[in-house]
Amino acid sequence: MKPIAPVAVLAAAYLLVPLLLGGNAYLMTLLVSALIIAGIALAWALLGNLGGMVSFGHAAFFGVGAYTSALLSMQAGLPVLLAIPLGGLGAALAAVAVLPALRLSGPYFALAILAYAHIFRILATELKSLTGGSAGILGIPGLPTLGGLELGSRNGQYLLVLTVVLAFIALYRAIWRSDYGLALRAMHDSEDATRVVGVNSTLLKAAMLFVSAFMTGTIGALNAHVINFLDPDYAFSGAWTIVPIAAAIFGGYRTLGGPLLGAIAVYLLDQLLFKALFPSGHQIILGVLLGAMILLSPNGLLPWISRRLQRRPATEVRHAAA
Amino acid sequence: MLQLDNIAVRFGGLNVLTDVNFAMETGEVVGLVGPNGAGKTTLFNVISGLVRPVSGRVVFDGRDMLRAPLYQRARAGLGRTFQIPQPMHELTVRENLRVAQRFGRGRVDEARIDEILDFLKLRPKAQADAASGLALSELKALEVGKALATEPKLLLLDEVLAGLETHGKRLFMQTLLALRERFGIGILIIEHDIETISNLCQRVCVLDFGKVIADGTPQAVFEDPQVIKSYTGGAAHA
Amino acid sequence: MTELILQSLYSGLLVGGAYALIALGLALVFGTMKIINLAHGELVLLAAYVAYTAESQFGLNPLASIPFALVIVCASAVLVYLLVSRIRVNRELNSLILTFGLGIILTNAVLIVWSANIRSTSSAWLQDAVVLGPLFSMRSEVVFFVLSLALAGGLWWWLSRSWYGRAVRAVSSNRDAAKLMGIDPVRTELVSFVVAGVLASVAGVAIYSSSVIQPALGHALTIKAFIITVLAGIGSMPGVLLGAVLLGVTESLTVTLASSALQELAGMVLFLLVLFVMPNGLFGGARRRG
Amino acid sequence: MHSTASHPRATRLRTLALAVALALGSFAAQAEEFVVGSQIPLTGSLARVGNGMLEGIKVAVEVFNARNTGNTIRLEVIDDESVPAKAVAAVEKLAADKVVALSGGYGSNLIGPASEAAEKAGLTYVTSGGVSDELTRRGLKHFFRINNNAGYAKAMAGLFEEMKLSSVAIVYSTKDATEGLAKAVAADLEAHGIKVTLHAFDPAITDFKPIINKVRLQDRAEGIAMVGYENDYVGILRAAKVLKPSSVKAVVGVWSLATAQMAQEFPELMPQVYGTAMLPFPVEFKSEAGRQFATAYERLYHKEPDYLGQFGYVQSMLLFEAIDRAAKNGTLAKGGLSEELRRTDAETIIGQVTFDANGDNPHFSHRMGQHQNGKVALVWPDAEATAPKQFPGVPW
Amino acid sequence: MLEVNRVRAGYGAINVLWDLSLTIREGEVTAIIGPNGAGKTTLLRAIMGLIPLSQGDIALHGDSLAGRQTWSIARHGISLIPEGRLVFRDMTVEDNLTMGAFPNSRRAGVAHNLARVYELFPRLAERRRQLAGALSGGEAQMVAIGRGLMAEPSVLLVDEPSLGLAPVMVQEIFGILERLKAEGRTIVLVEQNTHLALSLADHVHLMQAGRLLLSEPAPRVDLQRLHDLYFAR
């Protein structure tokens, strides 16, 4: 069953979803939005898991990526599909400014990066000649048609964002499994222990910051070409931080699939269910989810589910011994 | 091989090490002893780079290491263990060695990892979770294994025997003796058990109040009245 | 120009007083438990809305609503502590995420209960001008500046003279040693949360009395408080007062000398600079001695 | 796995439900009920204004359905949470639900992407919630707006020009709508030889004394123009009340200021302050249409209508009437609604409304009100004035 | 009065005490000596509840202390003067001492006890307003001892008071312990310095590797044998 499962999930995601739901533009829009959140959640989790850093300011990278791509495609006239990865690079470049924050730990890092998000937002507002100031940018070109596939349609957007998110999962997995990933995971509880065996921990952490920023920026760029609109408040909105964190924590930020699962679950639940229950202030549920997960199952939903599914005696024994 | 000149370390006004001068030759096995709080672990931290001294020089293998970050010292051939084992969490035993080898030595050599695992009798636990699946003696062995995997020229062992039962202690000591034979590397070891030190080392260095008070063969050192005094406070055999 | 700058310094000073009130509670809990309560700003906001309800429903002067705010906010602070204290693993970061979640809950609860309308006091007395030569201010600013100084003084007295205040410092200085003195650290931490609640209550009423509140404000208040805590250096209560005034003055001088559009930017840049260049804060130096 | 979907009985039930739904749907069509969608912020940062506009839209539904034209309107509302992506999603959901048109939207940032989504779906989108010039520059075929930046700037600048002030300090928030308006007013005033100084402020700031002190000591302006939102007005007015800049003869703001709510909540700050207003307070309508609106509003919400409700009402009424006309001449099903709406030329409670090729209303000009003795009187333009302005006059 | 019965305890995976039993008698000075890593400090920490017992029991006057919280044990009348002093570094000397009298029942006597501590350590009286973090090692040890005395404990556990102190200071500290002994206090002294420990003790326990190697009244202890055991010769 094991090897079949991922193939089945992929087939369902690529074929079944567009076939069954493709006609419902609203649902497809929700799915695209959920995948956007999933992309950020994944990048956030990567930084937390491999770099050991909790960020409260991923909106900074999201916004920079979005602006970079929008401006490159509109002012420099670059093709959208080229501008998007360059948006990711732009965000990675912005991460250079964040490098001094790597020396900070825990809450200091988390909130320093939030300060960056604020600073970038104010800069985007003030640099009017470049960004159009608070009026923002309307009419950002949409996704092109590629080999007969209309990427700009809802289904096309879905397939493209899905592919990018899956590619990021693959990248994340490759890093995770590499020796660098091993060293990064090892650094968590015992940074000194890894440094004394020759690991340049600062360099590796910086690399993870760049990777995470690149992913977030790329997603931000994608979103800009999906929504066709940007302004500073929107591009650097705290929502680009809050919802992905809730999603990653909910799904299980220590797993590869957790952020994706969490984002889809949290976003769809929020939009289809909670919104109906609490017409105003339904974000309250996100807060409750976040708190409950931290208190009851800090590792998230996915590990909890897999524990439930494979309740083998062996694991029980090991947990009892631990 | 290793040379320390006038090392001084202060923690908030307290002199932890004062004017420590110490040198080791290639392949030498030296014991570092002294009462609690004498500054032994601090000296290890100075050598491996965790603590920056206020003055002095650290020269290893002909290179001035004072400003070198930890990972560079490790790559230059300085391996160390921690008094309280610090396995790399979330990783298996084999992965622990792999990381040490990959980053400390620069490339991975599975055969060599197997060799170390066999040597430290960790082979059966190779796939075990380092943080939760090991007994204390195995954790201690893993500490040494990680250091060995970096292919050090000098190994700093901080109380690798403490907390072991008598039997485990004996076994581990044999391992350490074999280590010197097998890999031909220098060892600087902190150990309280005087029997162990006497069996293992050709030379013993005694620290007290952050100063070197004796340096010589185990016999000579443990007969030294000043050493006995520092250990027991009394005028022992005098 | 001199008059402009004088007024700007004075405004900054008064604003700093209000900032200090917001930051003291956060800094106290941070100093005691090494936990950043990201819901602190929301507790302040809760007090502000209690004052609004008291004024709009019962015609109470905001100053008179402080006791009611105390009860509600302190009870909420205790609840926050009880939840935070249940965290066992990776407390530093998990508490950050938990209190972040609690902040979201409180913000939306405020939105549901009080709606998104902006609120502020209608008390004429509080809004009247107080003129000191070339210096102008609103009465509420002066009242709460004085109150802020008094509370900071009271906090200082509590931490240095009272049994429980000193126990709070003992626990934060060395938890094990404090236990050896017969101090129950859990109870002590609870007390520090309650005291933070008291400070948050007054801070909330101050904000309601001198500026405008709306449900999304809590998050911004937490950020301000954290910036000040970093400027101050952990655990330095006089530092909080000075850091708050420094931030207030920096902001108002930015408005006077450059542009008010850059005010927030100046605060953030100051924060990052201090964080990178002096990680122990501007006023934490004395503590590192010895 | 315990799936019931494949169970034969469940399948039969589904078929039945589908049949019932279809039957109901066709029944509704026979009754000539048209569903109009509304994508509007009911939560998030624009919650307050969004809810205000929605009240007006609902009143329009009520009034229109009471007219017995043979056609009725049903409203389907989706909260966009003040988030652009959700605004787009909302429009798409409404399109999927087969609404005939959209009335709503608030904030140029939300209306922009939402109206583009509506354009793609071929749906008529009518709004009054975003004044950015950019919106009507896009050349959308199905986008209509009854108000615009120019109308606000016209009113504000017109009032200042009438006062014959020599200098005006414009204090504005760095938000999109406010910045655009501030720049337009500045250009207009400068064209009339009035000296203008501009003071931008970050939306997060609360202490305005340093700014007002600059106005007092450096600008020595005769008028203060505030372009912001309620919280900014309160901050600016408090600072001004404290500093009492002696050169100032009038304080003028824009939206959400000359309202009953502000008069009631901040009685100390409001005296003699000007703001854009379509209605005096207490409300007095001269026209029959106005009275009809006010009565319905009163009945539904038990309070006096405000300007948000008024705009929401007007845009919706114009839309419903166009739907009615299009349905009757048979162009509705063929996508002729936008053309029908473009033929509008109506005298409404916000003045005359027609639409140009871009959907903009060239006639739009706001009116200015002034807080006078706890009431709001219309003071500009003269034709609409309910009382003479008290000038010079400031709240201190 | 204090019974340690077959106690096994340690730090996580590392077990330190192996089924250790011993008895502390009222009014005596009991010295626990042994080389580094013997488990002496661990024993004191186990008595205070700072580390949990994995086996066995500890009882004061017959009341079991197992499973009780440290602060509750401290209020019960046992004071530990910890190794490395553990003073509250950013509090003044006087505040440090005062915290020793934190339990409700002791607060009334705070003035009297402060005066007594200052009489014992005149040097602390001079520095009462100084931050404890700025003190020398010997002074910090005085603060730690004084702080322990503020609670008027029925048992005083002293962990390595000579550690890291200059010889003059060691003498001064032991002079104080001498005085406390003369007052008839029950003291448990953990010390590496056998000579000093023996000079003060009524009863001596020698620990090694978490076990009791020798337990006899001080006068009967043969130094030569002790050192042979100590250096494992």
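Some points to look at:
All chains are identified by letter, namely A, B, C, D and E, in their written order; residue positions are counted from 1 within each chain.
In this text, a contact is a pair of C-beta atoms (placed from the backbone, for glycine too) under 8 Å apart; a residue touches a chain by one contact, two chains touch by 3 or more.
Fair warning: this is a prediction, and the values are worked out from it, not measured in the lab.
Touch-path distance (fewest steps) from chain A to chain E is 2. Looking at A-D and C-D side by side, the one with more C-beta contacts is C-D. Computed centre separation for the pair chain B/chain E is 31 angstrom, with centres defined by C-alpha atoms. Separation between the centroids of chain C and chain E, computed from CA atoms only, is 42 Å. Chain B and chain D have centres, each the mean of its CA atoms, that are 75 Å apart. Shown for chain E are the residues that touch two or more other chains, namely 133-134. Residue positions 122, 125-126, 280-282 of chain A are each in touch with at least two other chains.
In chain C, the residues that reach two or more other chains under the touch definition are 111, 115-116, 261-262, 264-265, 289-290.
Contact residues of chain C toward chain E in the complex are 160, 163, 166-167, 169-170, 173-174, 176-185, 235, 287, 289-290. Residues 42-43, 47, 79, 83-86, 88-89, 92-93, 95-96, 108-109, 112-113, 116, 121, 132, 134-135, 138, 174-176, 179-180, 202 of chain D touch chain A in their complex. Of all residues in chain B, only 48-50, 69-71, 73-75, 79-80, 82, 86-91, 95-96, 98-100, 102-105, 108, 131-133, 146-147, 149-150 touch chain A in the complex they form.
Taken together, the chain A residues at the contact with chain C in this complex read 54, 56, 100-101, 103-104, 106-108, 110-112, 114-116, 118-119, 122-123, 125-126, 238, 242, 245-246, 249, 278, 280-284, 286-291, 294-295, 298. Interface of chain A with chain B (complex): residues 179, 182-183, 185-190, 192-201, 318, 321-322.
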